[in-house]
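By letter and in written order, the chains are A, B, C, D and E; residue numbering begins at 1 in each of them.
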Amino acid sequence: GPVAAQDKTQDKTIVFATEAAYPPFNLLTSDGKIVGFDVDIAMAACEKMKRTCAFVQQDWDGIVAGLQTRRYDAIFSSMGITEERKKQLLFTDPYYRPSAAFVGTSDVKVDFKDPALGGATVGAVPGIYECYVKKAYPKAKLTVYPNSDALYLDLTSGRIDLAFNGMVAITNSFLKSDDGKGFALVGEPVRDAGCLGEGAGVAMRKDDVALKEALDKAFKDMRADGTYKAINDKYFTFDIYE
Amino acid sequence: MKVLTDFLPIVLHGMLVTVALSLGAMVLATAIGLGGAWARLAGNRAVRLAALAYTVLVRGMPPLVLMLLLYFGGQTAINATADALRLEPLRIEPFTAGIVSIGVIFGAYLTETFRGAYLSIPQGEIEAGIAVGMPPLTLARVVVLPPLMRLALPGYWNIWLTLVKSCALVSVIGLQDAVYAALSIGRSTREPFTFMLVVMVLYLAYTGLADLAFRALGRRLARGTRTAGV
Amino acid sequence: MYAFQVLSDHIPLFLTGLGNTLLLLVLSAVLAFALALPLALVVTRKVRVATPLIEAVSYMFRGTPLIVQVYLLYYGLAQFAFIRGSLLWPWLREAWTCLLIAFTLGSCAYLIQILRGAIEAVPHGEVEAARAIGMSPFQTLRIVVLPNALRRSLPSLENETIFLLHATAIASLVTVIDLLGAGRNFNTIYYFTYEGFAIAGLLYLAIVGFLRLTFALLEKKLLVHLRRAGI
Amino acid sequence: MIAAQRICKDFGSLSVLRGISLEAANHDVISIIGASGSGKSTFLRCLNLLEMPTSGSLRIGGEDLDLRPGPQGLVAGDRKQVRRIRAMLGMVFQGFNLWSHMNVLDNVMAGPVHVQGRSKAEARESAEHYLQRVGLYEKRDAYPAFMSGGQQQRAAIARALAMEPAAVLFDEPTSALDPELVGEVLKVIRGLAEEGRTMIVVTHEMAFARDVSSKVLFLHKGEVEEAGPPGELFRAPRSERLKAFLTRAAV
Amino acid sequence: MIAAQRICKDFGSLSVLRGISLEAANHDVISIIGASGSGKSTFLRCLNLLEMPTSGSLRIGGEDLDLRPGPQGLVAGDRKQVRRIRAMLGMVFQGFNLWSHMNVLDNVMAGPVHVQGRSKAEARESAEHYLQRVGLYEKRDAYPAFMSGGQQQRAAIARALAMEPAAVLFDEPTSALDPELVGEVLKVIRGLAEEGRTMIVVTHEMAFARDVSSKVLFLHKGEVEEAGPPGELFRAPRSERLKAFLTRAAV
């Protein structure tokens, strides 16, 4: 009967997809495990929902297609929520709200009032970050990179003066690495609901309202009982949720 | 160095995926290519046009796009059918899907390679086979294939190498091949170049081994021919 | 469809991609061919040091993924301070130069093999006839060997051109927006599943359709001398 | 054995055969002579349908060939029949057309093994027999590209004979042979006819046409200008063209 | 014009030529006869160095060829000289070797235009003249693959003649021709000799060897078994082999 059917869906493992290439949020360990902030949050949420969960690794190019064809149930990969994207996918409430920032050599001087950024060349990855730079500095010389790695590589090689990216990705990953020596945040962190969106969420198929509601509730509970803070503090020195 | 040895198993596993995929796909592509070349040269106009459409459409789409379409598009179709019939949808295995889509893509290129080689076979040799009354398959096997393979070998070899490298595309359908492993480990550890070099070496070893086989095959197929020193 | 409603905002994106892809394709195809022809000749003549050298280098290019080559050339070299300080840096810092180098050399490696095979497949007797008449090696090549060989290799040359077309999609890895990159960016902005790729795919299809027509015409004109037997 | 009725063949706008008929029974040796370009090879190739006639009909080995009008000339209705007929008709090509990737022995064995399904051992024995008969046994391991013209021609003859066909179509089978071998080959052809087979020979050797054949066809511009037993035809040619051909033939 | 001294040629372990010498002056027509596989074509190909002799020496058009011992037989010391010599020696191949991607006219014009640097118009005129002479003018736009055997052979002859070479090497130039055309071609050869050129002809046509040539060489297993003026040689052959060859030659 209907009860048995519901039990069955309750038993099924929830499968999340991630790119596993965006430290510290999602990355691969040497034994092939997928770890990171996203994964910890996901697993804690699953515990709250009393469900078993698993992660699979999926290339970004096919990540939405895989969701739509039910290869997995949700994308848990620090996806930025924007109005445009909401038209395609169903998002949870944000589970963190990254700010973005510019990074450059410690001595670089930039005129942030100038729509051309004072002639500085700037790089960003496509999507929300590209959108922001274009909107805020329409005259700036902008180069678009396929991923954050490439972006930092060109920053260190001097092909660009500034990189614009998620704040956490900059401070927790790039600036801590060897390559990041001699670089620093430039200017103030940016928050902009228009381009940068509301924050990072979990993406699901449009009709999966039950899962969205369960996850939203789990996130709330985790915020309330300190689970979230514990995970947050494992990675960051500030509260990334706000 | 520690990073390298730690992560090597993942890259090696990726290489295994690459090897298995490329071998499977090449067999499939060769079969499709032979059939396609036959169809491209067939007397029947409809068959000819169908084969032409296949080669233009498949070569016309970027392999990445084609793979997405075949795999996810195919899955969408299966899901829709299954939903309509109230059945549990069949899941396409990524590995099978990888072999099939790469085989279908490169079958189109091989179709053209084999067609070109066929045109270069001395006409008289084929006529001699026809004249003794060989049935089509025997004719193909005994008279056409050996010179066809000889003439197609350089193109075939190139396509093989391109195919091996195109196996990296399967990451979009959720398989982790050597290149994808290297790229994602590179990003996870922020040491991109180390793993790229590892992948280059692995590829060179694999393709080098295959090269030896091709060279031997080339020598064997060249038996009986006189090449002119230019 | 939603994608088509928003497409109009991104037409310049696709046009940029299309332009870059075509420019990369034409430039590197022409350069690769110009380079491959003499090298293929050296390979067929079995010159003592040069032939193995060319074969080894061509093997390196054919045997490793282009994406890795481009990555190492563009991002890898730039990591070395001495390269950034060298005279080459003004060239190497440009993504375009790196792409052209990688595509040209990569495609050249393949073309060498195709041309070598076609040259070796020219009927022995026809080359002898040219020699017997007193043609110089260069004349033999120009008048007898190459016209014969190039015609035979038309289908393989077409394949290689299309491979190169699809290989240009690597450009967006090093910041040059190509046609596929344009489709990918379009997808990323809206989290579309296929739409961006489908639009790019249609444009690629148009390019390949044009190439097929061109080659079909060439074959029709240039391969009339081959007689075919049906199986 | 072979009956061809009003065979016509056009290549585009060029009419190469304009209604050629021929009857050949067992034991017959029919010679076809005529100027270069008069359509001899084309006619021979029409007999085993390597070239599809534009019109006409064929009856071979007692079977009417199923030929239907198509957009460009006739098309065969029954592919199996065509193959059966071809296996019955051996053919020695003017250009030899040996398979370049096989050595001589394999060239000769291929038909018996792959078409007639004979065992390798048996085919090999018979191949060696025919190679010996044309004096090519020593060259059995050589590839065609490394043989002299006459050797290639003899290999082509051995290849056709090894099928032991009911009829053999020879297209200038002695063109590359020295006079001594010409004699040998003609002896072989005569021998085969005596066994009851049908031989159709396109030839430029008037001596052969005169001495060996039971009937001679003189082709001129795609038509049979004159036909008859060699005695009559050579002694008292009726047509002006044949007269001219035969006079000028003498050096 | 041509003087070959003790030419030897081995293919691997096979000795094909075992010291063949030949002298040919202007006006000479020298016939080379012999069994299939006796080395006739190989010898002809050694004369213009398409095949490098294993040993021996050559003097052509008054020039000693610069041949040096190499690891596998002789090698040419002076490539320019070789090309000059080849342009002086026309060659008609046994297998024709027409350039398949050119039509007949282009085949015939290629040498004069590209090797002798004549103007296109001039070369075209002369090519058409020679094509007319071999009766192939109507086929000038056809590609080799679409021509009959005899037509291809005539195209090959026209190609060699269009270079107006001081000497022509013919390898069985009439094998694919009907008797009428054989007569024509032999007339052409005789005419060229009368103009003062040197003709060397490998042939199986004993009538031709007897009637046209000034000297006959009989090759046997890579050696000159007998040589002399045709009258003597055919009337009173001394060697046993030649006797046998000539007797059996008669059908």
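In this section, contacts are C-beta pairs under 8 Å (C-beta built on N, C-alpha and C of every residue); 3 or more make two chains touch, one makes a residue touch a chain.
In this text, all values refer to a predicted model and were calculated from it rather than measured experimentally.
By the document's definition of touch, chain D and chain E have no common neighbour.
Contact analysis places B-C first among chain pairs (by count of C-beta pairs in contact). Relative to the C-alpha centre of chain E, the farthest chain centre belongs to A. Measuring from the averaged C-alpha position of chain B to that of chain C gives a distance of 18 Å. Chain geometry summary: the mean Cα position of chain A and that of chain B are 36 Å apart. The geometric centre of chain A is 80 Å away from that of chain D, both derived from CA atoms. Counting only residues that touch two or more partner chains, chain A has 61, 65, 68, 153.
Counting partner chains per residue, chain D has residues 95, 145-146 touching two or more of them. Residue positions of chain B touching 2 or more other chains: 64, 68, 72, 122-123, 127, 130, 192, 225-226. This structure has the following touching chain pairs: A-B, A-C, B-C, B-D, C-E, D-E. For chain B in complex with chain D, the touching residues are 122, 124-125, 127-135, 138, 142-143, 146-147, 150, 221, 223-226.
Put simply, chain B touches chain C in their complex at residues 38, 41-43, 55-57, 59-66, 68-69, 72-73, 109, 112-113, 115-116, 119-120, 122-123, 126-127, 130, 136, 139-140, 144, 151, 153-155, 157-159, 161-162, 165, 168, 179, 182, 192-193, 196-197, 199-200, 203-204, 207-208, 211, 225-230.
Only residues 123, 125-126, 128-136, 139, 143-144, 147-148, 151, 222, 224-227 of chain C touch chain E when the two sit together in their complex. Interface residues of chain D facing chain B in the complex, by the touch rule stated above, are 48, 50, 83-91, 93, 95-103, 110-111, 114-115, 143-146, 159, 163. Every residue of chain A that touches chain C in the complex is listed here, in rising order: 61, 64-65, 68, 79, 84-85, 87-89, 123, 126-127, 130-131, 143-146, 150, 153-154, 156-159, 203.
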